[in-house]
Amino acid sequence: MKWIRAVLWAAAAILPLIAPLFLDRGMLNDLWQLALAVILASAWNLLGGFAGQVSLGYSAFLGIGAYTTLLLSLKGVEPFLTLPLGAVLAAAFSIIIGLPAFRLRGPFFTIATIGVAEAVRVCASSVSFTGGSSGLRMPTGSFNFNLNYFSMVILAIAVVATAAYVKSSPFGHGLAAIKQDIDAAEGVGVNSNRFKLAAHALSAAMVALAGGLYAINFQYIAPTSVFDFRLSLSIVLMPILGGLGTVIGPILGALIFSTLQIKLLSIPLLRDSFLFIYGGLLIIVMLYEPDGIVGVWRRLAPVRRIFNAS
Amino acid sequence: MPPEAILSARAISKRFGGLLALASVDFDVMRGDIFGIIGPNGAGKTTLFSCIAGALSPTSGEIFFRGERMNGLPNHTVVKRGMVRTHQIVRPFRQMTVAENISVAAHFGAGRRRGADADRSVRDILERTALAPDASALAGALTIGQLKRLEIARAMATEPQVICLDEVMGGLNPAEIVGAMALIRSIRDSGITVLMIEHHVHAVAGLSNRIMVLNFGQKIAEGPPQQVMNDPAVITAYLGAD
Amino acid sequence: MQQQLVSVILSALLAAGLYATMAYGLAVIYGVMRIINLAHAGLMMLGAYVTFALFSRFSLDPFAGLIIVGPFFFLVGVVLYRIMGSRLTRSNVSPSIESLLVTFGIWLVLQNLAYVIWSGDTQSILTSYTLKSVKILGVRLGVPSVLVFLASVASLIFLNLLLKRTYLGKAIRAVTQNRDAARLSGVDADRISATAFGLGTAFAGIAGGMLSTMQAFTPDFGRSFLLKSFCIIVLGGMESVTGVAVGALVLAAMENGLAVYTSVPTSLQDAVSFALLFIALVAFPQGLPSLFTRFARRSFR
C-alpha cells in the first residue's frame, strides 16, 4: 500500500513541473494560483493544524514578503534575491507578535491575531512608503512567467515536503502534544512557548516567500490586496476544509478552494455569493466534521473495508 | 538542607484567593526513598505536587531539588532537570498512539533522546509497563488501567531522578494494584526516587519507607509507616474527632 | 485647555454609552455559553441596515426604529441558537475555537446577505437632525451622538433592571458565574442560553442601529467595532453592566484623549485600539476580567 502513496505523491510533484509542455498559459496561471494556495494552506497548517493555534492574521506575513521584494526591487536589487530577507523579516515579526500572543490560549490567541492583522493593514494603508492605498508597481522589465511559474511550484513542493518531514519528526510530535493537551505536554518537558514560536516563524517565513513570488508575478501590490482580511480567511479555510493537521488536507483544501475561485469568477451570479459559500462551508465543516475531508474519509473507513473485502 | 536529600520543601504555602490550600509544609525526601503522601480529600496533596512540578508557583516557601532552588521554574524546565509528575486524572495525548505518547516524553524529557536511541528507550519502557501489546493503539481507546500505566510510562520516559505519582492506584482492581505496586518498586530499584500520593493506605504502607500526612494544607505527621499509621492525630484526621 | 478637557470627557462619555451597549451583546453570549460570537460584527452591521431600511422605506425615525430592531433581533438570536447552539460542543479542535469559527462563518453569510439585499454601496441615514449640533457645557456635540447616548443609557438601565430584578436576570448571572452550579440549582441552562443569545443579538442590533445614525456604513463594517467590544470585555469584565461600562469608558477616554491631545491621524486611531486590545489581552491574564480567570482556571485543572 505504501508504494502506491509514494507514487501518487511523486506524480503530484512531477506533473506540475512538466505541465508547461502541454498546457496553455491560461491553465498554467491557474496552476500558479493553486501552487500559491497550497503554500499558504500548508504553511498555516504548521501552526494552526499541527499545533492547534488558529491565527487569523497570516495576511500580514504575505504582505511583508510582498512589500520587502517590491521595495527592494524598486531600489535596484534583483527581485529573487530579496526573497530570503522577506522571509527573515516575517519570521522576526511573527516572533515579536508571538511572544506576548502565545501566552493566550485558544480563541483568545485568535482574537489577538485578528487585532494584529487589522493594525498592520491600517498602518500599511496610511504610511506613504507602501504607496498608501494606491499601492506600488514592480520595476519594469524582466518579467519571466516561466521562471515565476517554476519558482512557485518548486516552493510548493518544498513547503509540502517540509510539512511532511515536520509531521513525523519529534518537533511535529511535540506540536501535536501541544495541540492535544498543552499542560500535559509541558509536563513531559515540551517547552510549549518555544515550539509555538518556532512553528509560527517557520510558517511565517514560508508565507513571506510566497508573498515575494506573488509580487514578482503580479507586478502590482496594494495594501488592500495583500493585507486583506479575506485573504487571512481563505488561508484558514483551506486547511480546515481539507483536514487540519494532516499533510494532504491543506492540498485538498487548496484544490477545492482554487477551483471554487475560478468557477465563481466565471459565473456572475456566484461571484457575488462567495461569502455565502465561504461562510457556509465554514459553518458546515465546523459543525459536522471539524476534521474536514480527511475526517470524512476516515469515517468512511468501515465502508471502504467492506468494499475492499468484497 | 540535609546533603543526601534529593528534594526538600521549606515552608511551602499556596493561596488561591481566599483559600489557603497549603500552609507552611516542610519535608525532605532522600534519594532512593519511596515517600508516601496521604491525607483526606482536599488536604492539598495534588496542589503540593503541582507546586513541586512547576505547574503552579507557591505563594511562599522554597523547593530545592538536588541542591538547586526550583520555585518559579516553568514545568518543562523542572522536567528537564529530572523531576516529573503524573496526573490524578490521566491526561494522555488521545490522538497519538501509546508509543508516540511515550516517545514525546523520551525526546523532550530529561533524557533528551533522539533517533534509534529514543526508540530503544520507548521499547524498553513499553516492556516494563506491560504496554508492548498496545503500542500502536490510540491512547483514546485504552482502558483506565492501561491509561494509568501509560501515564507512568510517559513519566518514566523522561528519565527522571524523582517521579511524583498522583493516585496511580485510583480505579484499579486488586490484581492491577498488585501489578502497580510491583512497577513502583521496580522504578525505585532502577534508581529513581518516588513520591506517591495515595488513598489506598495499605498499598502506601506496604511500599513507602516514609510517609507524610497532610490535612487542611498542613503537615500533621511524618515518619515510617507504622509510626504514622498509629499516630492519634492521623487517625483523628481520617475518622474525625469524637 | 480646560475647554479641551471638558470636550474630551463629554465625547468620551457619549462614545462610552454606545460602546457599552455594543460590548454587552458580546459579553452576555460569552458569559453564558462560552461562545465567542464573531457574528456580533455582522449582527451590528445588519442592525444598521435594518434601521436604514425602516428609515428609507417607511420614513421611520431611526431611534423609533430601534424599538422594532431590538425585539426583532432578539427573535433572530433565539432562532440562530436553536439552529446552531446544540451542535457547538462536539470537537476535535477545542470547543471554543470551533464556536468562534462557526460564528465567523455566520458573519460572512450575513455580510453576503447585506450585499445581496442592499449592494455594497456606502449608505447613511440623513434625518432632519443628523447634522445639527447642540451646546452642552460649552462644547459643541452632534445631536445624533447625544441621542445615541440617551438611547444607550436607556437600554443599559433596562438591562440592569432585567439582570438584578428578574428571575431571568439572576439565572443569567448565575450561569455566567458557574454553569454547573446553576444547573444544579434548577436553572434550565438551555432556555437561558437561548435567551442570552437572543439578548446578545438584540443588543448587537440596537448598537448597529445607533451607529447607523452617526456614520456611513457598508456590509464590511463591524470589524473594528467587534475588536473594540473585545477590548472592553477584557478590560472591564462581563459579569455586570457596570464592568462593561467601565471598560467602555476606559476605551472611549483613551480614543478621545488620543485624538485631541496627540497628532495620531484618524486613520491610525483604529490601529491604536487594536494595539490596546492586544495589550489588554496579554497584560490581564489573571486579574479583573473574569473572562480570563475562568479560562486560566480551566486549564489548570
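Residue numbering begins at 1 within each chain, and the chains themselves are lettered A, B and C in the order written.
Please note the rule applied: a contact is a pair of C-beta atoms (placed from the backbone, for glycine too) under 8 Å apart; a residue touches a chain by one contact, two chains touch by 3 or more.
Worth saying up front: this structure is predicted, and the values here are computed from it rather than measured.
Q: Would you kindly count the fewest steps from chain A to chain B, each step being a jump to a chain that touches the current one?
A: Minimum step count, chain A to chain B: 1.
Q: Taking the mean of all protein CA atoms as the centre, name the chain whose own CA mean is closest to it.
A: Central chain: A.
Q: Where the centre means the average of the CA atoms, what chain is farthest from chain C?
A: The most distant chain relative to chain C turns out to be B.
Q: Report, in whole Å, the distance between the mean C-alpha point of chain A and the mean C-alpha point of chain B.
A: Comparing mean C-alpha positions, chain B is 42 Å from chain A.
Q: Please compute the C-alpha centroid of chain A, do the same for chain C, then give the distance between them in whole Å.
A: 32
Q: For chain B and chain C, what's the span in angstrom between their mean Cα positions?
A: Centre separation, chain B to chain C: 47 Å.
Q: Indicate the residues of chain B shared as contacts by at least two other chains.
A: Residues 55, 87, 95 of chain B each touch two or more of the other chains.
Q: Of all residues in chain C, which are in touch with two or more distinct other chains?
A: In chain C, residues 92, 300-301 touch at least two other chains, as defined above.
Q: Hunt down the residues of chain A that sit against at least two other chains at once, touch-wise.
A: 183
Q: Chain B touches which residues of chain A in the complex?
A: Contact set of chain A toward chain B: 170, 173-174, 176-177, 180-181, 183-192.
Q: Provide the residue numbers of chain A that touch chain C in the complex, in ascending order.
A: It comes out as residues 52, 54, 100-101, 103-108, 110-112, 114-116, 118-119, 122-123, 125-126, 182-183, 229, 233, 236, 240, 244, 272-276, 278-283, 286-288, 290-291, 295.
Q: Within their complex, state which residues of chain B touch chain A.
A: 53, 55, 74-77, 79-80, 84-85, 87, 91-96, 100, 103-105, 107-110, 114, 118, 154-155, 157-158
Q: Using the touch definition up top, name the residues of chain C that touch chain A in the complex.
A: So the residues of chain C in touch with chain A come to 36, 84, 87-88, 90-94, 96-102, 104-113, 115-116, 223-224, 227, 230, 265, 267-268, 270-271, 274-275, 277-278, 281-282, 285, 292, 295, 299-301.
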